[in-house]
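The two complexes that follow have subunit A in common; it is paired with subunit B in the first and with subunit C in the second.
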Partner chain A sequence: MGARRKLGLLTVAIALLAGDASAARIGELTETGVWDQMVRFFSLRDPALRAVLLGSGLLGISCGLLGSFIVVRKMSLMGDALSHAVLPGVALGFLWNLTKDPLAIFVGATLAGLLGTLTVHAITHTTRLKEDTALGLVLASFFAVGICLVKMIERLPTGAKSGIDKFLFGQAAALNSQDLQLMTVVTLLAVVLISVFYKELLVCSFDPGFARAAGLPTRMLHHGLMLLLAFAVVIALQAVGVVLVSAMLITPAAAAYLLTDRMHRMLFLAATFGVAAGILGAFMSFLGNNLPTGPFMVLAASMVFAGAFLFGPRHGTLARWWRQRSRSRRVERENTLKALFHVLEGRGFVGEGITLQELASRRHETLEESRERLHALCRNGLATFDEPGEAIYLTPEGWQRARAIVRNHRLWELYLTNQVNFAADHVHDEAEEIEHVLGEEVVRQLERGLDYATRDPHGKVIPSTADIMHDDGGGPRPPKDLVGYGKTT
Partner chain B sequence: MTPLPKSQIEPEIVPFKAPNPSVPGASCPLEIHDLTVAYHQKPVLWGIDLQVPPGRLVGIIGPNGAGKSTLIKAVMGLLPLSSGWVKIFGQPYQKQLRRVGYVPQRESVDWDFPVNVMDVVLMGRFGHLGLFRRPSKADREIARECLEKVRMLPYANRQIANLSGGQQQRVFLARALAQESDLYLMDEPFAGVDAATEAAIVEIMHELKERGKTLLVVHHDLPTARNYFDMLLLLNMRLVAFGPTEEVFEYELLQKTYGGRLTILSEVADAVRQKTS
Partner chain C sequence: MNELIPAFSFRQVFIEPWSETGGDYLWVVLMGFFVTAACGMTGVYLILRRMALVGDAISHSVLPGLAVAFLAGSLIAGGDASTGHLAETGIAGGHYDFRNPTLMFIGALVAGVLTTLLIELIHKKSRVKQDAAIGITFSSLFAIGVILVSLFAGKVDLDADCVLYGEIGFVAFQPFATIAGHELTPWPVLRMGVVFLLTAGLIGVFYKELLVSSFDAGLASSLGINPTWVHYSLMCWLSVVVVSAFEAVGAILVIAMLILPGATAALLTHRLPVVFILVLIHSAISSLAGLHLALWLECPTAGAMVVVGAMQFCLAWMFSPEQGLLTRGRRSRVEGDLVDRHKAEAAAG
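Let's look at the complex of A and B:
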């Protein structure tokens, strides 16, 4: 259903945007300010700009969709090789009748691309060479042939103004209505085929062995995907250029891959990023007075990727850094709580609040360091500090957490000595690490497995989970006056 | 190709005989005749003959490189056969696709792939759906039941990368259960899993057997093989023995499977390759 609606929208968009695409050139600028140009670009007044917008969007969709599949299939290099391998085909398509005939170029480029992939296949299956080497070989040699042909064409009498050089770095402004028709057909084909065969493509990409065993035509699907990939590359050539077209395949898909864990969302995101990058790139090229579009599109896509890489909520670098930071801070707080518990335990849970001096000597650190740790506890509502009285009081929550961490430590020590036969003097360092990561479920299992033991290997009391949760049973408790009810710093 | 000494090719003991030879092939879940499989002209399985009776739990054991996975893949037509044929319930594999469930090795896929547990289990239904049709509510219900059986239902919406090795293996098992087949082929389902998962898998295998399914399970741990399976298939490039566990699990046959004969066969295999390539 969803796919059908998307298709409808797409058709409407194309009907709106298409129209006569060959009128004014982008270069003939009348506005001067960036704002005016933006208005002109996005107002769709100018038919030539409409063509650029539509073309960039279409190539963004097809590249995003196909790119997603090559990224999850770990075939990114194949996209690169394919895009370079098409250049000789472009040149030959041009030589066919010495004009820039989109259809001839499309056919030539597709055939060259397929010949390239077949060569890779032949090299890997008949020699000892692995695929990366075969891809490198094909990429370079086909591209070299292509460059030679392009230079030859440029020397022809009609060659100089042929525009064949535009295929290297792309020129979205050069898109004509025939190019657009081809792009529309290919993009529609990609959208339709991928939605129809979505489940087959999914299982073939994830687990090809299982897919074949289940009787799916994996080989046909693979070849179909490769053919679509070749099409997507070829329609993007005019706007993005041979050199960078693989980046339009990989970059939006890679950004999408970092942002989601479901394939259908990845396809949708990649297509969206592709469209955004295509249009943004075309716009930047337009601002720069018809600079090559390819580099700008790829730049825009790379910015999207950088955004996903840095700011992605789950796999992003910033999120990861933040998680690590908050974890190490938690560990630090827990260690301070544990030290406070040990001080209290050392004096049999009697006496007034803990002094900073006691905490510092327990942790073997300076007063300043201890003061900082204490402030971290206070900020998190785990302790209060009575400044004039120089006394630290644990809040109820702090007291609960302190006992939980000590319990984890001692349970783990006991487990290691009792059940894993560690020597009692070997277990402390292990437990120092483990105490911070034990989950509630594991703690319960440990308690059960250890028969609710009350003493650790060194003879110290293990606070039990039941006591900590309800705080009504026996076990060590701080005297009421030690718990900082109502006290503030 | 130099003719091999006969004793090297033919299994010396094949204690198992089909219980009732008059039953037509359709009741035999798996029949293999003179199967030879080669990788790059180097034979890895030689002249395998085999008839698996229905409703059995069969362990395939043998040393590394014995061709255990190859045998399973060859049965499903994932590898070209150099000679011989395979029949599933009396017909070629391609006609019996829906009656065969498959659990591949866990390492054979990329667990960072953007799918969740439910997506993977639903893949087990694709063979029944055919082209164009999407999984229906009923398919989802089946997938949920299979997840429940392997006690992974609470993880249905988890991304597969966030599972432990044992949990990943259970997901693969649930996917095979969702295939609702009669013959199950499992490639090292116990490799690298925790004890709880191992117990759960054994339990499910027995349950499948009780329901009349036939299971062929590649296994690499000899001590447990004895307890887990009713029948054992000892494999080392050729069929060393196939029969009820208590008959086959004995020193001399195991010695033959894991012992010194391997070197001769693999040397000949190398020689064959050098001659033909």
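Let's look at the complex of A and C:
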């Protein structure tokens, strides 16, 4: 689905490219307000800006797609090594005819990037050095060679104004129509190849052993992916720069990884985030009067990641914190209910209200703490508090929950002593933990397994499930008309 | 091509730098040695602990710390660094007024520790794996650094070139430290020398702790060495080394200085003390040969030093007595011949 939508987007991109996207640099700023600049940037009236916008979008798509694969394959830093390793290739591409010929640079950079990944592979397989060392080594050594070459080229009479320095930190304004055509072709290639080989790539990435057993050419697929990765890095170079291009691979994909468990959705999200980061970065750099684009794109991508990290619905930190908090609150409420039950049980279920004092002494805490607990119960409709009478009354729901939790506790104690042969005085702490997580299904199994026993190891009555569910007044509970538990006051 | 690679003249490359410039190049070589040796010795432990890429991350993310420190320094000094540039010598950072060493080290330490913490936060609190966490953290911090440098170009005494490959070639033009009126060494060389000696000293003092915690964390904690403490101390020291090396070799080439010497030594020996000796030799060769390579090709000195270091690694990779690609190939051939002869003899006898 996602792939088809992206194809549609690309068609639009190509249609726009057919118009004249001139290689002019972004002119002087005539607009003063941010709003006017925004209109100018996004209205596609200015051909140079159109090129910037399209280029940023295209690189976002290809980097997001390929980045997703390296993130799930735990090869993120291979992307980093590869992106630094392309620099000597860029320089050699320049040397080909001493101008910024996109095709020569593309070929040179791709070859250098592949050579870098192969070197990493060779070092890890022929020496005792580990992969991280090999990656760092290749990254920095290739970069050093590249930086020497770049400076030597800049020394040449024609090299100084060739714009090679723009490849280090990126300048989207330097994109011309040739660059854009190349980017379109490469992005299209990536989209098509990934949609065609989607199933194979998926299997290969998540279960290489199975892929091999199924007879898939895993090595071929790996190298194919590396080639595509090199392509994605190389087309992004001009706008993002050698130094930071790896972030455009990793960050949008990692943000997408936090939001979904399905690969196809992750690909779609990563591409979307990539486009958003690219365009936002280009816009910020445009506002800043043509500052380098790369750092702004990376910063925009990092903000997207931070958003996913904090606010992601399932894996986000806030969502997790909220889940944890609500769980611990529930446990606390259930413990209070249990304490109230124990108070009632202690006096043989005689009398209706429970005083705050009784609850506090049962829980061994101060009156203020007990009052807090009670308020939590009242807020959740589990109990009511009769302020003048100083009496706590359980609501029907509260009464049911209290009995359920006591039942869970005592059943588990009985199970541990009878079936697992725990000593009767060692089972309480275990039961304190598990009583909050036992599901109805498990409880039924336990009851059946324990022959519907009515007494726990300490001789106390176990409230039965049937009693709790139907509330028919039978079982261990005294008749309803005798005491008023569960009445709404 | 002829324009690109200048004609090689032995006199120009090897004799004249030493005979005619009054020892300026001595400082460059010395600085190169100090940087490579201090980084290399620290890097040995990064390689052992499989943390080479954490070194990569810290070397990138020191940049925003430095940028903020310079910004604060220029605010304290109340001036504009752009007017203080030594335009005639082309030195990017000629003015030492704004380079407050204390602020620099504080900024770098904060940035270094922040990086380690952020990586752990992302890694532990979400399902993003450690490698991606490293990549995200350092690229974001580096991007912030670059933006700060370009936004406050006048106030931050750093430029893009310095970030990429440092300014080791200009080290002799920096102010000299003087004792009793005698010019001693340029300040950066003195500082780096102190860092080098401190690195060697710390490794000497904590040799056992580092060794045990790097090879066997379980044994270390049973001996009463806290691995977390060792980890964070190492990270802090790494930040100190990286920030001292920063103005000489920039953010990215530092990684090579950290990893190349140790990796080369690891190919040649299995014994840790020998590794350190080899690191020192590697550093000396890199800095001296790198300088001459840079003089010949007229390219950045730090880059050339790394290129020489990489060449040394390649040589060790090919010709290491025990693990070399070529030597190992020959040895297995010899062994194969021996086996064949034995078989032939057994068949005959």
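As a working rule, the second predicted complex is superposed on the first by the 460 of 489 C-alpha atoms of A that agree within 3 Å, B and C clash if a C-alpha of one lies under 4 Å from a C-alpha of the other, contacts with A are read in each partner's own complex, and residues count from 1 in each chain.
By our rule, a residue touches a chain if its C-beta (ideal position, glycine included) is under 8 Å from a C-beta of that chain, and two chains touch if they have at least 3 such contacts.
Given the structure is predicted, the values throughout are model-derived calculations rather than measurements.
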item: Partners on subunit A (subunit B, subunit C) - clash or fit; value: fit
item: Touched partner set for A:Lys74, first subunit B, second subunit C, both or neither; value: both
item: Computed vertex angle (subunit A) for partners subunit B and subunit C, CA, steps of 10°; value: 90
item: Partner chain(s) touched by A:Met152 [first = subunit B, second = subunit C, both, neither]; value: second
item: Touching partner for A:Ala404 - first (subunit B), second (subunit C), both, neither; value: neither
item: Partner chain(s) touched by A:Val86 [first = subunit B, second = subunit C, both, neither]; value: neither
item: Subunit B versus subunit C as contact partner of A:Val203, first or second or both or neither; value: first
item: First (subunit B), second (subunit C), both or neither touched by A:Met266; value: first
item: Between subunit B and subunit C, more extensive residue contact with subunit A; value: C
item: Contacts of A:Ala213 with subunit B and subunit C, given as first, second, both or neither; value: first
item: Partner chain in contact with A:Tyr257 - subunit B first, subunit C second, else both or neither; value: both
item: Superposed arrangement (fit on chain A Cα atoms) - minimum subunit B/subunit C Cα distance in Å; value: 5
item: On subunit A, positions contacted by subunit B and by subunit C; value: 74, 257
item: Footprint of subunit C on subunit A - complex, ascending; value: 71, 74-77, 79-80, 84, 95, 123, 126-130, 132-133, 135-137, 139-141, 143-145, 147-149, 151-153, 155-157, 168-169, 243-244, 246-247, 250-251, 253-254, 257-258, 288, 291-292, 294-296, 298-299, 302, 305, 309, 315, 317, 320
item: Complex contact set, residues of subunit A against subunit B; value: 72, 74, 196-197, 199-200, 202-203, 205-207, 209-216, 257, 260-263, 265-266
item: Subunit A partner contacts - residues on subunit B that touch it in the complex; value: 73, 76-78, 94, 97-98, 100, 102, 104, 108-110, 113-116, 119-120, 123, 126-127, 129, 131-132, 134-135, 159, 161, 175, 179
item: Subunit A-facing residues of subunit C, complex; value: 3-5, 47, 50-53, 55-56, 122, 125-129, 131-132, 134-136, 139-140, 142-144, 146-147, 150-151, 160, 164-165, 252-253, 255-256, 258-260, 262-263, 266-267, 297-300, 302-304, 306-307, 309-310, 313, 317, 323, 325
